[in-house]
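Heads up, the next two complexes both have chain A, just with different partners, chain B and then chain C.
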Partner chain A sequence: MTDAVMIPRPAGLALRWTGAALVAAALVLALIGPLAVPGDPFAQSLIKALSGPEPAAPLGYDHLGRSIFHRLAAALRLSPAIAMAAVLTAGLAGLGLGTWAAARGGWTDRILTILADALLALPGLLLVLIVLAIVPGTALGFWAGLSLVLWVEFFRLTRAATRAVLASPAVQATRLLGFGPVYVFRTHIWPEIAPMMLTAAAFGTATAIMAIAALGFVHVGMRAPTPELGLMMVELLPYWREAPLALLSPVIATFALLLGLTLLAGSRDT
Partner chain B sequence: MNTLMTRGIQALMVAVLIGAATFAMMRALPGDAAYRIAAGRYGYDNVDTAAADAVRAELGLDGPALPAFLNWLGDLLRLDFGHSLVSGQPVIAEIGHQLGASLSLAAVAVLLSLIMGPPLGILAGLRPGGMLDRVLLVVSTGLKAVPQFLMALILILILSVQLRLLPAAGYGAARHFILPALALALGLAAVNARIARDAMARIGAMPFYSFAQWKGLSPRQTLLRHGLRNVSVPLLTYLGLQFVTLVEGVVVVEAIFGWPGIGHALVHAIFSRDVPMVQGTALCLGLGFVLINAVIDLVTGRIDPRRAA
Partner chain C sequence: MTLLKADDITVAQGGTPILHPVSLHLEPGEPLVILGETGSGKSLLAQAIMGTLPRDLAARGRVVLGDHLLDAARPGGFRPLWGRQIAVLPQEPWLSLDPLMRAKGQVTEAHHLVRGMTVPDAGAQATADLDRLGLAEAGMRYPHELSGGMAQRVAIAAARAGGARIVIADEPTKGLDAARRDEVADLLLAELARGGGLLVITHDLALARRIGGRMIVLREGRVVETGPTATVMGAPTQAYTRDLIAADPENWELRNRRPAGAPVLTATGLAAGRGGVRLFSDLSFDLTAGRILGVTGPSGCGKSTLGDVVLGLAPPSAGRMSRSAGLAPTAFQKLYQDPVAAFPRHRTLGRTLADVAPRHGEPQDRIDRLMPRLGLAPVLLTRKPDAVSGGELQRLALLRLLLVRPKFIFADEPTSRLDPITQKQVIDLLCETATTEGCAIMLVSHDPELVARTADHVLSLAPAKASEPDLSGPRVKLAGHLG
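The block that comes next holds the complex of A and B.
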C-alpha cells in the first residue's frame, strides 16, 4: 500500500538536500557551538534570569539564569543521540528478523508477522511510557522503548522486499550456481532494501526525537535539570511575555530538526 | 472472512502483549509495590508495615512468577481488570467515564481534518504541478514536521495568550474543543491532503478517467462518478493507520489541555504506577485500533469489491 501511491517528483532531490542542510545545521550548533562559545548548560546566575543575548550566551538566559545557547546545544546532542542509537538497534533487529522471516517462511514468518502486527496496534508513546516505567534510567528506557517501537517498520519493509527478491529468477539462478545465503543477501537483497532503509531510518529518527520531546513536554520523559527540547519548552512557557526568544529557540530548533529529517526521508507519505 | 480472522488474532496478541508488558511493569517496580500502593491509597503519612502487608495479601503480590502471570492473563482475557490501585474504583467504571471525553475529542479532530485535508488534496491532484499543488506540498510538509504537542503550544500562544480568543484549557463548553481538536486535526489534515492528492493524481492520469471525459461527462460529473470513490479507498485505509497517531496525539494533547480523557488518565496511571489502570486503558486503546481497522477493512471491501476477492 505504502509505495503504491508514490509519484516521483523532480523537486525531490532539492528537497532532500534542504533537509540534509537543516539536519547538518542543528548538528553543527550541537557539536561545534559549545566549542565556539564555551559555557556550562547547568551554571546558574539568578541575577541574569531571563535577560537577553550577550556574547557569553548568544541566546540569552532562562528563568534560572542558565545560558539557553548551551542548554540548547546539549539538548540537540541528547535527543538525536538516543534517537540514533534506537534507530540503529531497531534497524539491525528489523533487518535481521525480516530477512529471517522471509527466508524461512512457515511458522517463523507467521509468528513474527503476528507479533509485528500486534505491536503496530499499540501507540508508540504508550509502549515507551510502559518501558520507561520498567527500565531504570530515563535515557536507557527511551532507547529500549523506542527500539521496541521502531523495529516493526524495518521488519515489515525488509520482509516484503526480501520475499519479492527471493522469489525472483535471479536468486534462483544464483542458488543453482551454488552461492550461499550471505552472497544472496549481499548481491540481491541489500541493494534492493538499502534505499528504503535510509528513508525508514530518517523517519524513525524523527519519530524518536518527537517522542522524547513530547514526553518531556508533558513532564513524563527526561527529568529536570537535564537539558531536553520538550522540557525546555515547558519550562520556558510561563515566561513567554518576558522572554519570547527564550521559548522560541527550542521551538525553532525542534521544528528545523524534524523538518530536516522529514525532507531527508523523501516524499513518502506515512 | 479471512481479514476478520487476521484482525481477531491481532486483537488477541494485543491483549497478550499488554498483559506481558503490564506484568513486567508490576514486577519491575523499584521498591516494594505494596508500600507504593498503600501510599497511593492511604496517603504517604499513613503507610506502615501493617498497611503494606494488608495490600500484599489482598493483591497476591508474593509468589512465583509463572502462575501469577497465567493468572494475570486469565483475568485480562475475561476482561476482569480489577480495581484502580489509587482510587479503589473498578477500572471499567473509570474508563467508561473517560472514554466518552476522548472519543468526542478524537471524533471532532478527525472530522475537522477531513473537512480541511481531502478537498484541498483532490483539488491539487486534479492539476498536478499546478500552483495549489506546489503550495499544498510546502504547507503539508511543514505541518507534518510539527509534532502535536508543538502545535498545541503554538496554538495556545497565538490564539489564547496573544489574541485572547479561546481558553487555553478546560472542559465542558463547545469552545473548549477548538484548540485541542485543532492541534490534532492540522497534522492529520496534512497527511490526508497528501494522500488524497497522490490518489487523485494517479486516478486522474488513468485511461478510464480520460475516457469518461471524452464520452462527454463534465469534469464535475467525472470527479463525482469516477474519481471520489477511487480516492476514498486509500484515504480510508490511511485513516485507519492514522488512528495510532491520533491516539498518541490524544495522550499528549489531553495532558496539555487538561482534558479529562483516557490519555490523561493513562499518563497519570503510569506516573503513579497504577498497573490495573494502565492495563485497562492500554487494552482499550489497542483493541480500539484493531476494531477500527476491522471496520475499515469491511468498508473498503464494500467500496472496492476487487480487494475483497
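The block that comes next holds the complex of A and C.
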C-alpha cells in the first residue's frame, strides 16, 4: 500500500518538445533568416509601403516600406538577447544571494528576504520604467531593470530549496566527513535546484520579452526606428486593414516565442 | 465458518512472477501472521487479497470472502467490500487521519457514509466506539493533539466503523518502540476478541510472537513455512526460518565485553533541551576505544539530541563535552537511521565514496578492499542511493565512515528500518568495527534486547516530561563494569 502508482506522462514530454520547437523556430528565423534572404531592416522604400510579400521581403513591407521579415528577424534577436542577459544576471545574483542567505541565516537572511519582498511588492513594469529613466541607453536600462525584477524569483527559490537541503542528514553527514561548502554546493544543493533554476529561467525569459514588448507598445520602451516586437505592433496597428499580414507577423512571432518558453518551463512535472 | 479463503494467489510483474502461489484462510478469533523480510512479497499478498495492487502488477487466484467469490485478476470486484467486509489499518495511522477533522468526526463519517447510518446514530455509535477504546476524552481533539497510540486507536475505530469483520494490519508497528509495539498488539487482539478475523503483516518477530495464532513465513515470494505461530517460532523446521528466529535480538549471544582502551571522549554534567523542554540533564559518562555504549529510551526522549551534542553539532545547555586531544576533526562520525537520506541523492554511490577516500589520504583501493569485508557486491557502486536495499546501503554508509578511520561512531537507530537478518548483519559489522578499528561506538536503539546483548554499558534515558521540565534526569544504568 506504500507503493505509489506511477502514472507515465507522455503528454508532458510532448508539450515540452512543442515548446522547444517553437523557441527553436523563432531563433532560426532570427539568426538564419537574414542569411537566407539578405536585406536591411532599416532600408526604406516608400513606393513599396504596405505592399505584400515578394522574394526579397517574404513578409511584405511596413508603412515606411521597410521589409517586415528583416525587421522581425532583428527584433527577435534584440528582445531575447536582452531577456537572456537579464535572466543570466538575475539567475546568478539570485543563486548566489539565495545560497548565501540560506547558509548564513540570521540577519543576512532577514535583510535579504526583506529586500526581496519589498521589490516583489513593486509592480515589475514600474520598476523597469524607473530604471529606464535613470540608466542611459535603452538596452542597458532594460537589462538593469529586468535583472532587478527577476532576481527575486531566483533568490526565493534558491533560498527555500537550499534551506531544506542544508538541514538534511545527507549534508550533515558530508560535513562530518570533512567536506567544505563548495563540495556541499556541488553535490547536494546544485543537483537539487538546477531543474527549478531552468524552469524559472524559461519563465523569466518569457516575462522579460513580454515586458520589453509591452513597454515598446506604449511607446516608453525601445525608440523608433529600432525594430522591436511591441513597437512594430503599435506602428502597424493603424494599417491593419491594408496590411493584415504586416501586423500579424510580430503578433504571431511574439505569441509563438512566449508560448514556446512557457511550455518549455511549465510542463516539467517535477 | 471461514471468514476469508484465498487459493493460489500469484502476483506477476510483466510476466515475471514475484509472488508464487500462496493459499491462506482466516478463521474467526484466530489471527494469521505473515512474516517476511522486506521484498518477500508479504505486502503484495495482502494487496492481492484486497484488490489494491499497483496497476503494473497482475494477480491471479481465487478469493472467497464470506459469501462472495472473487477473482484476484479483477480487482474491481473487491471495491464494494472495502470497509464493509475488509478493513485496512494503515501504516503510521497518524499520517492517514484527516488533520483538519476532530477524532470523533472521522469515526462518525465512516459510520454515516460507509455503513449508511443517519448522522445522529452515527455520532452516537462513534461516541460508543471511542469510549470502548478508552478515548472518551479524545473525541473532540484534532489528530495533532493525539498521542501516537491514541491516533492508532482512532484509526482502528474508523477502519472498523463500516462493519468490516476482517482487519488487515500492514506493518502496524513500523517505527514504534517496544512499549508502543506491545500496546498495538494488545489493541489488535482486543479487536479480534470482539469477533472477526485479523491478518497481520510484519517483519517484527516480537509482534508476531505476541499476536500468536497461525503463521506464514514468506521469502522471495515463496512460502517457506506455515503452522501455529508458537510452533514455528519455538521449533522452526526450515533453515531460513531458523536464521530468521536466530536473528531476533532476544536470541542473540552476549557480546564479549572489551577491556578499556585509550579514552576517546568525556562528557561531564551534560544537559540539553529542545523546543523549551529539558530532555536530559546532569549526564556524565566517558567512552574508551573499542567499547560500545548502548543508549535506550522511548521515542522523543532526546537520544538524537544527545548524539548532536556528543558530535559537536549542537551545544549542550550545560556541562562539558570533551574529545581526547590529538583526534582529527573528522574522528567523530554518525551512522544514520535512514541511510537513503544520508547520501547525496543524485550521485552514484561509487562517486560519493571515491570523493571521500582521497580527502582523507586513503588510497582508492581501500574501498575495493572494504567492499567484500562488509559483504557488498561491486555492482552497487554504480547505483544511486534509492536503488539499493536498506541493509546494503547501511553497510555502504558504514564503509564510508571507515574510509575516514573514525575514533567514534554515533549510530542513531541504524537498524530500525531493517529486517531481523539484515539487522543482525549490520550490528555484527558494527561490533567488529569497534574491535578491529579500535572505534568507540554509541549505539542508539529502541530495542532493549538488542542493546543489552551488544553494548558494554547502557545508558537509558527517561521520557522527557513537558509539564515538569527539570525534574527527570536520566537514570544511568550500568550493565557490566565501567572502565
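Heads up, the rule we're going with is that the second predicted complex is superposed on the first by the 256 of 270 C-alpha atoms of A that agree within 3 Å, B and C clash if a C-alpha of one lies under 4 Å from a C-alpha of the other, contacts with A are read in each partner's own complex, and residues count from 1 in each chain.
The rule we apply is simple: a residue touches a chain if its C-beta (ideal position, glycine included) is under 8 Å from a C-beta of that chain, and two chains touch if they have at least 3 such contacts.
Note that the structure is predicted; figures quoted are calculated from it, not measured.
Asker: Figure out whether A:118 sits in contact with chain B (first) or chain C (second), or with both, or with neither.
Answerer: Touch partner of A:118: chain B, not chain C.
Asker: When the two structures are laid over each other on chain A, which of chain B and chain C touches more residues of chain A?
Answerer: Of the two chains, more chain A residues are contacted by B.
Asker: Go through the superposed model and pick first if A:136 touches only chain B, second if only chain C, both, or neither.
Answerer: Touch partner of A:136: chain B, not chain C.
Asker: Just to be sure I read the superposition right, which of the two partners does A:182 touch: chain B = first, chain C = second, or both, or neither?
Answerer: neither
Asker: Just chain B (first), just chain C (second), both, or neither: which does A:255 touch?
Answerer: In the superposition, A:255 touches chain B alone.
Asker: Considering only the touch criterion stated at the top, classify A:35 as touching first (chain B), second (chain C), both, or neither.
Answerer: Neither partner.
Asker: After lining up the shared chain so the two structures overlap, which partner does A:237 touch, if you call chain B first and chain C second: first, second, both or neither?
Answerer: It touches chain B, and chain C stays clear.
Asker: Just chain B (first), just chain C (second), both, or neither: which does A:47 touch?
Answerer: Touch partners of A:47: none, neither chain B nor chain C.
Asker: Across the two complexes, find the residues of chain A that touch chain B and also touch chain C.
Answerer: Shared contact residues on chain A: 1, 4-6.
Asker: In the complex formed with chain C, which residues of chain A make contact?
Answerer: My answer: residues 1-6, 168-170, 172-174, 176-179, 183, 187-188, 191-192.
Asker: Where on chain A does chain B make contact in their complex?
Answerer: Against chain B, the touching part of chain A is residues 1, 4-7, 11, 15, 114-115, 117-127, 129-136, 206, 210, 213-214, 217-218, 220, 230, 233, 237, 240-241, 251, 254-255, 258-259, 261-263, 269-270.
Asker: Under the stated contact criterion, what part of chain C meets chain A in this complex?
Answerer: Checking each residue of chain C against chain A gives 43, 46-47, 52, 54-56, 88, 90-91, 170, 311, 313, 329-330, 332-334, 336, 338, 341-347, 352, 355-356, 359-360, 397, 400-401, 404.
Asker: Would you mind writing out the residues of chain B in touch with chain A in their complex?
Answerer: 6, 9-10, 13-14, 16-18, 21-22, 24-25, 28-30, 128, 137, 141-142, 144-150, 153-154, 157, 161, 191, 194-195, 198-199, 201-202, 234, 237-238, 244, 247-248, 251-252, 255-256, 266-267, 270-271, 273, 278, 282, 285-286, 289-290, 293
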